[in-house]
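Letters are used for the chains, namely A, B and C, taken in the order the chains are written, and counting of residues starts over at 1 for each.
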């Protein structure tokens, strides 16, 4: 087995290393159609060239989360093949739209390391960047994962925990060049609620639910060339279950949030994120959102809205998130904090 | 939940209302590939640019039923989110081919209303039109659905039942500009039978069967942005089953009918249609057809054939459709009456 | 049922017949995206326009096995609809890359016939060729299948068994015009191992496994317009199982072989192949490879490597293939012998 990739273990990471991930990928209308078959995605800007052009863009870009999945998927063989847990996200920004025909690559810089007190694993912090065929960065984010050690006797590295911002500053959000919501068509977009209609603290139950199938989460995960065994091989876990890629839950919840947030058109910032509990085939995913913050932007008619997006297994009419012990409730799958652009 | 769409109830419809449906959609080769993965679609005109060009078209158009599904899917949030039953179709015509790159929108005009005698629901008749980015109507059809009332005390509207044609007159069928079957290649198309070989009254058992999977019908239904809960959420019905979108059965039956009707290339008219019984995952869908009528067209080498397409759960070697009570037999899923174009 | 295709039986084949298969198919980025969702395909040349251009090609071609599946699928209604078994492959070559937008057709020449001693069936040998819209042959291969007789009293044909090469001579492999691996980027491709690093006799366990789902193998099989009932209709076999298209296993195994053979970029020759045992939904497919031969090519930096690719149901750490009786072990699904192009 000398030629196969066994993945990196905790002791293989060095602070400052920049790991170039493999297999560039050209995306097209095919990936978009698959995405829209896999998720109930309806945000008009990613559905219609005509709507995007009326919003000042040259065409409809690839869905914001397609960019995330492609960039993330490439990092899996180098970062999370031996991960015990995907612990968190932060400082994420979408910097350039991705267009059909673009070719994406990604790389990750090791920005933090901390061996666990048990000596069997450690936390690796990486800043992952995706670039297009012109060398432009299309998105970047920090994630940290718990990774096993291969050799328990390997020396612990000096502990470095990066000082991450609690959220992306609204002034640092990148607005796609040309974006203009001053002539926004709310009828076509599907809901009348504009930026000014949302209040900080407001919560929205997105009502709909989708029951998860093995074939669907595997199609989704493969599409982004994410190769983690645990998603595909029913013999990998003792219980015979295939763990569902956390990104599948992110995309499902974001698509479900259309019902109540149809005008939260583009995701431009990822402030924080946690996969609170695992999800398996047969679970029915629902979602709710909370408005965390609002900010103006320099683009005409464009406001920024900061949202908490929560995915749950059994609905959550009371918007419960954590128990008295401060831990996520067992039904909670995802707690995501992001910035989106909305018509004012 | 003030910002989510609860859908319209019976008392929310007014005769003459024109409802503009949300979320324009650009279709591409991606949607075509998904369609051909979801259904055993083999009609050559929708499979090959070269074959379409030899038939006088600039390229292979998107499958006729893709146009139907996209236009129909947009109408679901406004027309059938609270529907008890999808009762029928009529006066349907395909007016312009849809090409890869086109952006579709749809709207529905309320053309009839009749409250049921129980006072709890009523029938809404709408004429739904799909348009492309040039404002041209690409297809239109009438459908009527039974919709619940929210407020049982709401006044009943004046009863208006539209006077619908039993079938589209052959002279009103729109032949795509340039269509010419005079050099038609029957070998490439897959069968030697031409328009003249079919007789009114002739019945064809299409032989093949496809067993339905949850993942497939959900992929199909989502692809057309049809958001009806009952198709996706296993907790929505007491029996834990997900009801399959009727359009999935239409496309499956139409694709199965290739075997015996390979030359019924383009659907151009929808005379009538009924979803006779519900279909669930695990059912095996089969199909048979009956030739109802034939007509000449002004296009070179092009004839029109009117067909009844029946989908069943367990096959129907004796072509049985209804019982002595005049009701559809329990195995019948679909009874569709349409016009197709065929080489003469 | 006079208009449906019942398929050919053994006595319907005549030596020298050339059967033109139906339904030309235009392929696009949509088919590519579906392929990459269905299989963990990661070979960089088929994933990235930029990588393909750096390798001297105008763009990323459609995956080599997409060409095979499309050409094969067309032959099913004429060759294997009444087949008892798909016995083998040989003398296969990929002659021209297939590009998005190409339209493929295929035809088969009957090159051998041998009635079985039981008089109930016989073996048909065909050479199948796929052509593009310019009339160029894009690939060709021989396969032989056991086909039932319709009329057991039909005369046996003269036995003709074609004299097939044990493998394609390395000098007969077609290298795509312009292919140049002299500036090959091993980091982007995913592994550092070049042609010179592989030794004849070396075996590689590809480690990963994928559990097969009904929805996925049906999507795959339909995408190539393969209509064999046994893959789609759960009522077709007495055990209620749907037999999985052998090509699904070929593509799955080839994609799994990325892990250890990431630089075996393009398949250009198919020397032999056997579907050793049937595969069903729920099986977990794994793969291993053996290096059989190596050869130089005239293209800059390009070597040819001959590989045995074995798919199994339960892994094979000891690389076992056949029992003492010379028969394939029950866990073996596929034994494929092919030539690939690799950077030197």
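By our rule, contacts are C-beta pairs under 8 Å (C-beta built on N, C-alpha and C of every residue); 3 or more make two chains touch, one makes a residue touch a chain.
Just so it is clear, the structure is predicted and the values come from calculations on it, not from any experiment.
Visitor: If every chain is a node and every touching pair an edge, decide which shape results: line, ring, star, complete or other.
Guide: Its topology is that of a complete graph.
Visitor: Between copies chain B and chain C, what's the superposition rotation on C-alpha atoms, in steps of 5 degrees?
Guide: Rounded to the nearest 5 degrees, it is 120.
Visitor: How many angstrom between the C-alpha centroids of chain B and chain A?
Guide: Taking the mean C-alpha position of each chain, the two centres sit 36 Å apart.
Visitor: Mind pulling the residue numbers of chain B that touch at least two other chains?
Guide: 28-31, 33-34, 100, 213-216, 219
Visitor: If you look only at chain B, which of its residues touch chain A in the complex?
Guide: 1, 3-5, 20, 22-26, 28-31, 33-34, 77, 100-101, 103, 105, 133, 213-216, 218-220, 222-223, 225, 227, 229, 232-236, 242
Visitor: Would you tell me which residues of chain C are touching chain A in their complex?
Guide: Interface residues on chain C, with respect to chain A: 28-34, 36-40, 42, 44, 47-51, 60, 187-191, 193, 197, 204-211, 213-216, 219, 259-262, 282, 284.
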